[in-house]
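Look for chain A in each of the two complexes below; its partner is chain B in the first and chain C in the second.
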Partner chain A sequence: MRNWRKLTSTFAILLVASLVLSACSFGGGDSGDAKGNVINLIETAEPPNLDSARSTDSASFTILNNVNEGLYRLDQDSKPTLGMAAEEPTKSDDNKTYTFKLRDANWSDGKPVTAKDFEYAWKRAMNPDTASEYAFIMNAIDKAEEYNAGKAKAKEVGVNAIDDKTLEIRLKQDVPYLKDLLTFGTFLPQRQDIVEKHGEKYALDPDKMVFNGPFVLSEWKHESSFTYKKNDQYWEKDVVKLDTVNVTISKDATTSMNLYNTGKVDYTGVGSEFIDSNKDKPEYFLQPESTVFYTEMNQIKEDSIFKNAKIRKAVMIGIDRQTEMDKILKNGVPAAGFVSPAIRGNDDKKFRELAKVNIEYNPQEAKKLFDEGLKELGLDKAPTVEIVGDDTSGAKDDLTFVKEQLKQNLGLEVKITSVPFKERLERGKKGNFDLLLGGWAADYNDAMSYLEIFTTGYSYNRGKWSNKQYDELVKKAQANENFDERLEQLLEAEKIMIEDAGIAPGYFRSSPSLINQKIKDMHWHAIGPDYSLKWTYVEEGK
Partner chain B sequence: MLKYTLKRLSYMVVTLWIIATVTFFLMHLLPGTPLKNEEKLPEHIKEQIMEKYGLNDPLPVQYLNFMGGLVQGDLGASYTQDGREVSGMIAEGFPVSAFIGGQAVVFGSIVGLLLGLIAALKRGTWMDNLSTMIAVFGISIPNFVLGALLAYFVGVKWGILPVALWESYASSIMPSFALALVVVAIISRYIRTEMVEVLDAEYMKTAKAKGLPRRTVVFRHALRNALIPAITILGPLTVNIITGSLVIEQIFALPGIGEYFVKSIVNNDYTMITGITIFYSILIVSVIFIVDILYGIIDPRIRLSGAKE
Partner chain C sequence: MNTSEKLSPDLFKPAQLDSSEGEQIRKESVSYWQDVIRRFRTNIGAIVGLSIIILFIVMSFVGPYMNSYDISTQNYDIQNLESFSGDHYFGTDKFGRDLWTRAWYGAKISLLIAFLAAFLDVTIGVTYGGVSGYYGGRVDNIMQRFLEILYSIPNLIIIILMLLVFEPGIIPIALALSITGWVPMARIVRAQMMKLKSQEYVLAARTLGASTYRIMTKHLIPNVMGPIIVAVTFAIPSAIFFEAFLSFIGLGLRPPGASLGVLLNDGNKLLQIYPYQLFWPALIISLIMLSFNLLGDGLRDALDPKMRK
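Take a look at the complex of A and B:
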């Protein structure tokens, strides 16, 4: 009996001790008790890095977009609008040098934002010692690529703070998407004194960074939540209406739905299993993305049937993507080409609106082409091919659908291999696949961000499709400073890619989401950050 | 006893060294690199960054560097969360996992013990059957199914407890409960089986014949003997549960460390893989050590034979 009592009391002491110990560690966010205009959002991942020179992921870029500001920022239509730049830049006669005047603006600690902050941040990103995984986004700048590869000095790079308020950018050559590019996170300014003060710990916590955007990051509980507060030092603070934004990190789609349904948050992504029950609600909307999913066909192997263009084309038009989107994946539209509908063409129109191709499902034609192709190769029957893709549930659904369609429409036997992401990359790199399912999202708002990856010899062209005419057009466009002509060349290049079926585009993805109807003017972006809160407000009385 | 303890401690160090070494070489067999933007990064820049992190060095050199850091207690910085120290990340998340898990183990053990006792003492009655049924449920229903059901009914439908997040004590109840069921099941089964055996033993008859009160017979003579197997299993079970569960932590959006066990491997986050493995191993070997000592308290014969060694 004595021992029994001892045991019980030990348990009791343990329980009490653990309660006391943990009492201080509960998260206890601001949600609910904050005054003023407050909204509560969800993020699906812990932001890995808020050091803009080193960030690579959308969670980090989204935060940075709301707490910092570059020369331009994305507006309500995802077009670049003036940020730290006071006015449009002046251009040199050769169109390669842009000179920006900065507006009078302060960092959150009251110090002025200077041209030096831009020069410092950009050169820091390019510096090989920083080991930035996005420095290549700056390759349009003169000598940036060389400096990043250790083949040029920092002072040779085409970024120069002439004085506190004047920034000069010298490009390798003029590009039509410069303004869009400058909205990208890697181009944000940084304060040398703050970066150097915190070293490796820079931007790991809100007190180890400064802000020049509409909000400041006031709190960051790792793996749990973070909070934005309105930045009183922001140059256009009168436009900013929200006082507080609480963001909860919830990695599971069902959990996020639960939080939304109990009113804990005002926004959530909608997992595929919840789309049918939510798609008719007024809060339902499709968050834009620039991701295109496509199948690469291995043309390296000596005996590959995909060396035959007719067989490639049969795969491209032999899959009923409309049915797949309507009935199975439900998060996108069939790809009409390779370049996403979010991408600009010229100042008025999107690339897709101007495109010269449109992929249409045609099983009869596909079967005909497939049989002709086999005949040309001297085969009676196609060998079984292996399709490699990710092991996520969405990718598995896609793989299964493609397998069924190819068997049904072409009589092609397909074996599915679904592997973890890193393994898929490795297999792609080594050419260890027949068909490879992958996706690509734009780094900058231009068709070149898509089309250059399938030129001959480009590392991401893993099926090794090669077409001389295509290569030439892309190369010409890369060097072309006549923007109308350049666009024409890119449109033509995409047409060749689709006609020759270099790859088989599948679908353009978007993210089904729900948002509380009282939240107005929260602007969503397909490229770079997910959203901007600068203009967002809460409608009263709802 | 001291000699025995020292010997056990040196075994622990050797065990940890073997675990760290095997983990190190195994993880380098994983395809890909720890880089985050690997997909888009130009090949020559990728090589340059790998070089900078020393990831292109021959494996034995990397191993020596790794061991060097480890001896000094430096687990390194995470590759996926740039700059954040692995030890710091574990230190931040572990209290959450440990609290949820600890509560589950305490609750689960107490309930399991009671159920097991009742089942053994009332063998063949409805109470015994009920306890068996609870145990079967506990073993066969995965905690994530229970977690999801709890979140939906208790959280969303009835609104009794918060659906998720780490905000107040109430946030810990559902996740702990979801994790506790398996503990209840395992402990109650062990206790019941052992108790049934012990209650039939000769010395129990002796104890009863001596005229000892029933309570003394059950608790002092029977339960004490029946506890040994339960404690043996409880040690590793506790470590498993307090180091967090990926699914439970995701279902309830908790900032624990359960996720690191899985994500680090998916992302090839080498420092996190070794860090979390070593952390887990230290817990396991320590718990085994503690359990050994507990045996001694519960059954003095074990202590005696240990001392003789």
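Take a look at the complex of A and C:
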């Protein structure tokens, strides 16, 4: 009896020790074992389907970008470069009609890519029966909006296949970002025979779709993994160096980290809790995004203190975003304005480089403005306000930081309410907040994608900030075909927004990631797909 | 043994016994509660448990004032300090907030929620169970069916729904925990009531014309005190645990508030990098749980009259 007891207790101790020790064995592994021309990646979400007319999520758009090709594709510098289009289009005199010549290229089943494939795919996306959430992205095309609303016929829409290799696009009005727009997933071609053959099941499995991009999707185990293989029919197949890309779907940040640390994958996103222990590694980098995070201030509620522009401005400049980025969130840079640094201005410069405003943290000025604002409102003390944000750990850290900053710098007491994403959207819609944390990413590479959402009456303008001058400038820019003047109007509009503190921009986010150093030329994009694998290769002999 | 000595009758004489002395109690009388205390004192585990609980209750009030930091002030120059650096005895978290202060403050909030929830359990459970058990019959039948329906709904669902409607805070969490938490208490009390109400002393009291209220409060409830106290000592740690669980799945106090659950949740994310941020709150919650269980065990033994030696 005694001995038996001793034995069990020894066993128990060993068991506990082994648990503790096994918990310690993370992070020891070699990073990656990319061999030959095979790489292994991680995706955080299962793509719902790969029907380019219906896709809305970045996982799908990223796959589509690697297995299909539109008239243009994003190049190494995230600029549009010729894809299926053989040359730059010819323009009509009024700049509204573009005629594209297609290059000789084949689908993965050997059939040629024709202008019909483009016309079919685009009209399918606009067709109200398809119910594509991204149909609006085609609104620049003549009669697209009307067709989508059921007010025009398909043949009136400004997309025409003149012959097998000639595609004509008629625009409602000329826009400067057309080339960028044409790289977007919704503008990819589709084969009518394949789509109609599979009907509702189109693009739900690799054998129910066809490819014209650098890779083909060879395997797709739903919710688990998918595999790319080099496409032998691709028109520029000599450029493509990778033979196989295996992608594991892993939703959990810790699991992904462990897969990377044990060399099972060559790339992973880094959760905020792992940034500190990884940020000094050479593999660490910030993946660009176009997301800006900002605080909206409720200007509809009767007694809202944020009706006062000085108080709004105090909130905007009273939060030390630099410290927040350096010490707490570590995944971005303080927002100098509202439009992301990834967004183009003109052909040479980014919008941010040309911008007329720069938000700077200034606690003294903020306190002064805040007190003045309160005096104007006839208040001795600011009421406690409620700040609403998401319930992810990053959002909670952001909320906690903002609360403390507003308390210390302005003396404004804030109550934090962190809710699930859907509930946050609902609260925003109903105006049930004082301060609301939100984010916005560009749909197309133009400042308009950001600035139009804060015009009066726009549904995403949750705080209901309204400024006539701003509305007018944005409206003018929307209809302006003189690109320099248009840019000037947009720059001016952003300036007004920041000076009136319609919203308080917080930071521009980017995603911390780790990538095996042997992988070269994997190009990351801030807008649209996450990355392009067309030029990627594995460096040998290290 | 060989004895040669003979016993003679004159060695014996009759004892002088006063028959009234038979009724006299020589030893000091020991009441039920004195007996309980005596039995309790011999149980070392229970004494240790009680001492730790008292220590933690005192610390939860004194602890946050033992250094000069408060729970919410952030200092970005001293993020993630190791334990025992200067007067940051437990180190600091990623906002540079003092963990010693937050841990004891969190312990206070957790204990407060637990005691409040236990108090509500007792109040509702004893009343409900008492009425149900004492009256019996149809009243009992209806009350028990209602209780069973309530108990058949998974309590996590009710709690989550409640916390979505009310803003998470000390009182809503305590309310949410006791909305189904009183059911076991009511069952224990009902069972005891059913047993006790047919005892002779209750019959005697009723015969002498005592009111129902008097019978309940003076005769029945004091006799079910034992099981109630034991149930409470087990209800408190389970409430603490449930509060920690709620915070862990993100339904706890709003930041920057602290409870043990919130601290565990924060610490858990950093386990691989700063394990001490999980260790201290985990140690405190483990000791609280262990102590209450030891205390509960000790009380159960002490309160059971059959254990009398």
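The rule we apply is simple: the second predicted complex is superposed on the first by the 506 of 542 C-alpha atoms of A that agree within 3 Å, B and C clash if a C-alpha of one lies under 4 Å from a C-alpha of the other, contacts with A are read in each partner's own complex, and residues count from 1 in each chain.
Note that a residue touches a chain if its C-beta (ideal position, glycine included) is under 8 Å from a C-beta of that chain, and two chains touch if they have at least 3 such contacts.
Quick caveat: nothing in here was measured; it's all calculated off a predicted structure.
Student: For A:Thr255 in the superposed arrangement: first (chain B), second (chain C), both or neither?
Tutor: Only chain B is touched by A:Thr255; chain C is not.
Student: Looking at chain A, does chain C or chain B touch more of its residues?
Tutor: Between chain B and chain C, B touches the greater number of residues in chain A.
Student: Which partner does A:Thr400 contact after superposing on A: first (chain B), second (chain C), both, neither?
Tutor: So A:Thr400 only meets chain C here.
Student: Going by the contact rule set out at the top, does A:Gln364 touch chain B (first), chain C (second), both, or neither?
Tutor: Neither: A:Gln364 stays clear of chain B and chain C.
Student: Looking at the overlay, what does A:Ser418 touch: chain B (first), chain C (second), both, or neither?
Tutor: Only chain C; A:Ser418 stays clear of chain B.
Student: Just chain B (first), just chain C (second), both, or neither: which does A:Glu273 touch?
Tutor: second
Student: Between chain B (first) and chain C (second), which, if any, makes contact with A:Lys327: first, second, both or neither?
Tutor: A:Lys327 contacts chain C only, not chain B.
Student: Across the two complexes, what residues of chain A are contacted by chain B and by chain C?
Tutor: On chain A, the residues that contact chain B in one structure and chain C in the other are 26-27.
Student: Flag every residue of chain C that touches chain A in the complex, lowest number first.
Tutor: Answer in residue numbers: 72-74, 76, 79-80, 94-95, 167, 250, 254-256, 269-270, 272-273.
Student: Which part of chain B faces chain A closely enough to touch in the complex?
Tutor: Of all residues in chain B, those touching chain A are 30-33, 35-45, 48-49, 52-53, 77, 80-84, 89, 92-93, 95-96, 98-99, 102-103, 106, 109-110, 148, 151-152, 155-156, 159, 162-169, 171-172, 215-216, 219-220, 223-224, 250-253, 255-256, 259, 266-268.
Student: Report the residues of chain A in contact with chain B in the complex, numbered from low to high.
Tutor: 1-4, 11, 14-15, 18-19, 21-23, 25-29, 46, 48-49, 51, 54, 56-57, 128-129, 131, 133-136, 148-150, 200-202, 204, 221-225, 248-252, 254-255, 258-259, 261-262, 264, 420-423, 425-427, 443, 459-460
Student: Show which residues of chain A lie in contact with chain C when the two form their complex.
Tutor: Touch list, chain A to chain C: 26-27, 273-274, 276-277, 323, 327-328, 391, 393, 396-397, 399-401, 403-404, 415-418.
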